[in-house]
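Dropping the structure in here first, questions after.
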């Protein structure tokens, strides 16, 4: 269907906005990843001088360099950071799946009258400040926090263990923050599941457990995949949670990027880190986009 | 079940038979394709003012697409649509003097009944007093006075349907398009509403075009029916003509019950007079005689279309007839209340349908299962079809 | 529906307990008279009083509020336009790129988005501050609005818009008189989501803010790094209460509207 001429602004306005504030920035990141740091304002070189014309452009292109990428590739610190991020994200996503699926399933099986309320209950923490919720966990996990006091009181441990500044704390924080992102797509798919399919399986001789494995699980895969992607991809680049709850022994890539940018003030390297991160995440992002597109078309 | 049998007030000549009459709506070779397949193919027809015109056909035959093209919601890939002689192609749907009653009623849920009905009038920027008067008229017309302030979700299915009707009539369109308007109603309500629609149309003198897959509905309400099959027009005629003079096996089979007997036309024999019609030989039902040849010539293979109610079923062999007479055994009886539908297996193995009105109230029917019977029919009862 | 098994009930209970326990503790401790978490010294509202004297936090809260309202409104407008374009305009040129750009922020790590926007502002020479944060938040949240509006649009019965066209309403007026009123619940929840996301965002705000435009999360974050402080508990509780109140109001409005209208075609079922 052709777009009626008078309706063009409907598409053009958001299109231009996104092109300026989403697409162009990425191109700029790419460009800066190919630049060098400089003690100047802005702190990188070369800077494209439009007034210099064609010669200016040539000089500009000549000054671009892939040194930053070489630097990243050579320093083990960055590679370790990427790998650690992927590992943490994978484990977090798995935990989210293990915790989120029963929750979503319970919600989907609940009586219809309760479901809007349950839905709101899952969404409510999401509406409250993300920072607040992480902060709440710091409260609980700190050396003299609630968790240790309970453990001591129940005599489960002799000395209070250090929860904060550990991978465990990071996992707790990740699961806590991203749980709605896992539960909601799962719930949306499970809620639409035709219960007569499970009844048919039971009629044909399946136990409840088998019916779950053979019928419910395969049919919930779209929601499952959506939840997994919605959690995994942003967790890889997560900054706040590992910064507040994690230890300083090894950093996730989000922290690396942040420190590279704000502490080292090395914009080109930070940009290169971002570009590589984007390339790493591109396959799952594209998978997610295709799922969205199919969802809309169908 | 017998339909209420409303007959429209007789006119001098039906417009479609009057060669001087100009059609209100004319379709010329209209075609539409969706994803490579032709949904509507080269459809040409005329609709005259004051007609209750029906587009009838199985699902997927293109009738709804055709209706939507008239409304302007879809546009034809080729062909023209003319209203009063003017091409409608450049006219967008919101400027066409046609209005549509949607199958789903499409009542605006955020507006009450009055506002729904007034919606179209507001677009025309009529004076408020006039809008109010028109809305009141419409409510009276569909017998929903007092319902004005209700919202659609507070109405029953039948009431919503009437609001949809009132809304589409409020602007007094030249043609009212109805897209399967009675599909969602139960049988009794459907019958009553059909009756009301016909009265309304006759009273207001409007032109209605209705799309339906229900043959009985089309036969009941329409002054003319256009039967469509897979995007093409199969036949356009009045209900009696469609029923008694189908132009093809497909139409004969689509409308009502029919026996289709394949036969070969025999050459005229000696001593046979012209008015006796033609003689045919069939493998399934023996020698047949038909009053009209339907355009066939000697030696052609044709089909005889014979409606079950025209077939006489009796225990004894009918005296005079030598042709149009076969013997068989009753293999099934369908009791439908007003008629009994018999299926008789002939000697050739072929099964023929016959229908008898249940004229008397008897527990035991004169003809029962497994009885040996004779089927016969007059020469003018059947139609010869060449395709 | 099938009855809930004990396993379902257990998972529901544990799940919600996990979600709400930390928040509950936070609220309780905001009323703790003692500064230390380890000691419970009775109920007190002193931290709320101290909060009122903390100018830095109050200013940051005011900045956050203004940014959130502005960006939520912009995001709702932009996101709705985008959703309408994607659902009603069929295959237009550049549609793939458009939907790609629209949905990417849903999954992209915020550090990347923040970094790229900052670099844009620097390259073009715009001073960072209130407006750059607002623009950044609008860009981030418009995709969430688009998702919500789009799913609602897809549920809408198209024959409603066709009926309006048929009755003489040109397309633009149809959008405003028929489509938009039916979209209001989606617009409201979209706005609220964008508002919450903006109010809550730390990473992107950190990258794109400038002097004089410190947002509340940035301030809270810098305080948290120094250790747990009871005033933080207090402001968190206030934010919770505000959000909870807004949600209750929103759901009441939604309930009123829902009982009023039905989005499904009324004529399909004969009741």
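The chains carry the letters A, B and C, assigned in the order they are written, with residues numbered from 1 in each.
In the analysis below, a residue touches a chain if its C-beta (ideal position, glycine included) is under 8 Å from a C-beta of that chain, and two chains touch if they have at least 3 such contacts.
Computed from a predicted model, the values in this text were never measured in an experiment.
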Name the chain pair with more contacting C-beta pairs, choosing from A-C and B-C. A-C
Taking each chain's centre as the mean of its C-alpha atoms, give the chain farthest from subunit B. A
Separation of subunit A from subunit B, taking each centre as the mean of its C-alpha atoms, in whole Å: 61
Can you work out the whole-Å distance between the CA centroids of subunit A and subunit C? 17
Distance between the CA centroids of subunit B and subunit C (whole Å) is 56
Name the residues of subunit C that each touch 2 or more other chains. 171
What are the residues of subunit B that contact at least two other chains? none
Give the list of subunit C residues in touch with subunit A in this complex. 1-2, 4-5, 7-9, 11-12, 15-16, 18-23, 25-26, 29, 36-38, 78-79, 81-82, 84-87, 89-92, 94, 98-113, 115-117, 119-120, 122-123, 135-136, 138-139, 142, 150, 154, 171-172, 192, 196, 199-200, 202-203, 217, 220-221, 224-225, 228, 232-233, 236, 239-240, 243-244, 247, 251
Subunit B residues touching subunit C in their complex are 71-73, 92-95, 98-100, 102-110, 119-120, 123-124, 151-153, 155-158, 160-161, 164, 167-168, 171, 184-186
Help me check something: in the complex, which residues belonging to subunit A touch subunit C? 1, 3-4, 6-7, 10-11, 13-15, 17-19, 21-26, 28-29, 32, 42, 99, 102-103, 105-107, 109-112, 118, 120-122, 124-133, 135-140, 142, 144-146, 149, 176, 179, 195, 198, 208, 229-230, 233-234, 236-240, 244, 254, 257-258, 261, 267, 270-271, 274, 277-278, 281, 284-285, 288-289, 292-293, 296
Which of the residues in subunit C end up touching subunit B in this complex? 157, 159-160, 162-171, 173, 178, 181-182, 260-263, 265-271
